[in-house]
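Presented sequentially are two complexes of chain A, the first with chain B as partner and the second with chain C.
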Partner chain A sequence: MSLPHATYTGPKSTHEFEVDPSDPRYQTTEGRTTGASDYVLKQGHQDVDKPSDPKKVDNVNSKTGIDQYTTLSQLRMQLTGLQDDINEYLTEKINHVKKPRNSKQEQEINDLLDGSEET
Partner chain B sequence: MNKGDTSFEHSLHLEIPFESIKQADVARKVLLPDPIMKPEDFQVTYSTQDTKLICDFESVDERILRVGVNSVIESIKTIVETIDELC
Partner chain C sequence: MVNLNGIPPRGKRNYYLAIGLEGSANKLGVGIIKHPVLEKHEDSDLSYECDVEILANIRDTYVTPPGEGFLPRDTARHHRNWVVRIIRKALTEAKIDDPTKIDVICFTRGPGMGAPLHCVVIAARTLSLMWDIPLVGVNHCVGHIEMGREITGAKNPVVLYVSGGNTQVIAYSEKRYRIFGETLDIAIGNCLDRFARTLKIPNAPSPGYNIEQLAKQCKNKEKLVVLPYTVKGMDLSMSGILQYIDTLAKDLFKKNLKNKLLFDSRTGEQLVTVEDLCYSLQENLFAMLVEITERAMAHVNSNQVLIVGGVGCNVRLQEMMAQMCKDRSNGQVHATDDRFCIDNGVMIAQAGLLEYRTGHFVKDLSETIVTQKFRTDEVYIAWRE
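And now, the complex of A and B:
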């Protein structure tokens, strides 16, 4: 079975999202950009929507002692990593778009307030 | 790309390989009824190619694309888990 992949195309750029199955970020069902925030968890709340662990194959590899996961569980882990990649990339693009506008607005506000920058 | 008066300048093409043609088609059929909350800002089309589920997203900006893509991938993960448990 091949690996999931994605391609983003925007007015100014394109970006390929590839999965590396050996990378730990594609070996978990718990994404970094999904689920309850650290702040919420620190308040003592339980994440009732926490994703279930990947399903193991009944016969564990006796030679390596390493758990083997079903093909679909591997796909779910790869999708979780790919989802994080896409979320992080688009969040960065959103912030990049916002910053110049905000700094310009901030400058305009400073100019209007006293005509000089605060020290 | 223009659809009506809306310009979808941001797109994402997603390919997900399943174990069989049937699994990919089941996933497509499960996703189809999900309503699009703001069709004037976001569109998604589902198709299959052999054992692959293909999702094509289009949006007016990065923010709406992020929200829409994240939501669909979350649904796909649930579908994958369900097939894994039942089949």
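And now, the complex of A and C:
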């Protein structure tokens, strides 16, 4: 089964997002960045809207003795991790835009706000 | 001439099947309906008599803690995480083993909150590609109207559409649902919900329902708390009323004895309760709605009113509207219960299937882009004369 991947392209940078199935971040359907918002949780919200757990195949793998997840569940877990990677990358980009650390960054922000990166 | 049998059902069956996906606000609804092929629909304006059979009407609501509204991001997350489970449940309830038998997939194209709309349309597109079934994008308001007409059998009513996001008085004319009057600022449901937040009463089953229950407990019904009455021609404004009653409620909670409306200036005795405020707010807002609805009825010479939208299941609103209609000659009020008043997938399926049967459906996925702003009168109503 080929692994899902994503590419970010902008005029000034590109970024590849790859999945490593052995990394725990690609082995869950509960993403770090796709949970209920902190604000709602602080107000006492009981989160009953979590994604369903990944589903295991009925038979345990005879060679490894380890439970296997269904193909669709594997894809869901990998996409959850991939979505986290993308969200974190874009959040970092936004934070970078929000807080200029020097005049060069300030110029970059102004360029972005002008929409000049889009042209 | 309208021909509702223009497109034959799949597999040369004698009935149509449609699935509707709704998620424009905090309710996620999936509905499956069946329309028999009837000869009378080949050349007639009988779109309110489809003999609809509801095979499934599943809904799940995103509920927040008392005092809180629903944020777009969290509402979208709710829809994203539940949509597959709700669709599966609907198919099971409808006893549909092979979903490729469905004629059309209908989804809410707008108006509504952007992020939740996006989540649901992605599910609709995926199903369409997976099962090779055409899509129809539905205007949420038109969905409410068509479901109301089908359930009540109201032929050509003046429609009062009252919900958390919309307040409109509508009448049909020349292939459009024309808006006769509407809110100039916030919707009536929004006004009630936000007052419920100020009172910190629960959001389950819905804040408006809880206000209605409190209003029923009012022991001082003959003495209304005076609130602004803001009808502007055929339109109304509710943000000022909300601001005013919010201030009263806050003064009540703070025990601000200086407020002479709430407390006796000499003895400090409390004159008004939370229940009184809820009752007066409802009476005031509903009286405004009745006034503009009656004027619209006079304009179009109609004696039928159809109340749709979430606020439409408020029994007091139905009573007040019935009183007005009784005073007019042979007037009738048509309303539905919470299964169809509150946002649901069935209404999207109903309006979408009518559109599909007249030969209108999505030819390219670029036509499925959802929109937050989508006025009722933008839709061409092909299924009516």
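Throughout what follows, the second predicted complex is superposed on the first by the 88 of 119 C-alpha atoms of A that agree within 3 Å, B and C clash if a C-alpha of one lies under 4 Å from a C-alpha of the other, contacts with A are read in each partner's own complex, and residues count from 1 in each chain.
Definition applied: contacts are C-beta pairs under 8 Å (C-beta built on N, C-alpha and C of every residue); 3 or more make two chains touch, one makes a residue touch a chain.
Bear in mind that the values here come from a model prediction, so they are computed numbers and not experimental data.
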First, second, both or neither for A:34, with chain B first and chain C second: both
First (chain B), second (chain C), both or neither touched by A:5: first
First, second, both or neither for A:50, with chain B first and chain C second: second
Partner, of chain C and chain B, that touches more residues belonging to chain A: B
Where chain A meets both chain C and chain B, residue numbers: 34, 51-52
Contact footprint of chain A on chain C as seen in their complex: 62, 64-65, 67-68, 71, 73-74, 77-78, 81-82, 85
Residues on chain A engaged by chain C in the complex (per definition of touch): 34-37, 39-40, 43-45, 49-52
Interface residues, chain A side, partner chain B - complex: 1-11, 29, 33-34, 51-52, 55, 70-73, 75-76, 79-80, 82-83, 86-87, 90-91, 93-94, 97
Sites on chain B touched by chain A in the complex: 9-19, 51-52, 62-63, 65-66, 69-70, 73-74, 76-77, 80-81, 83-85
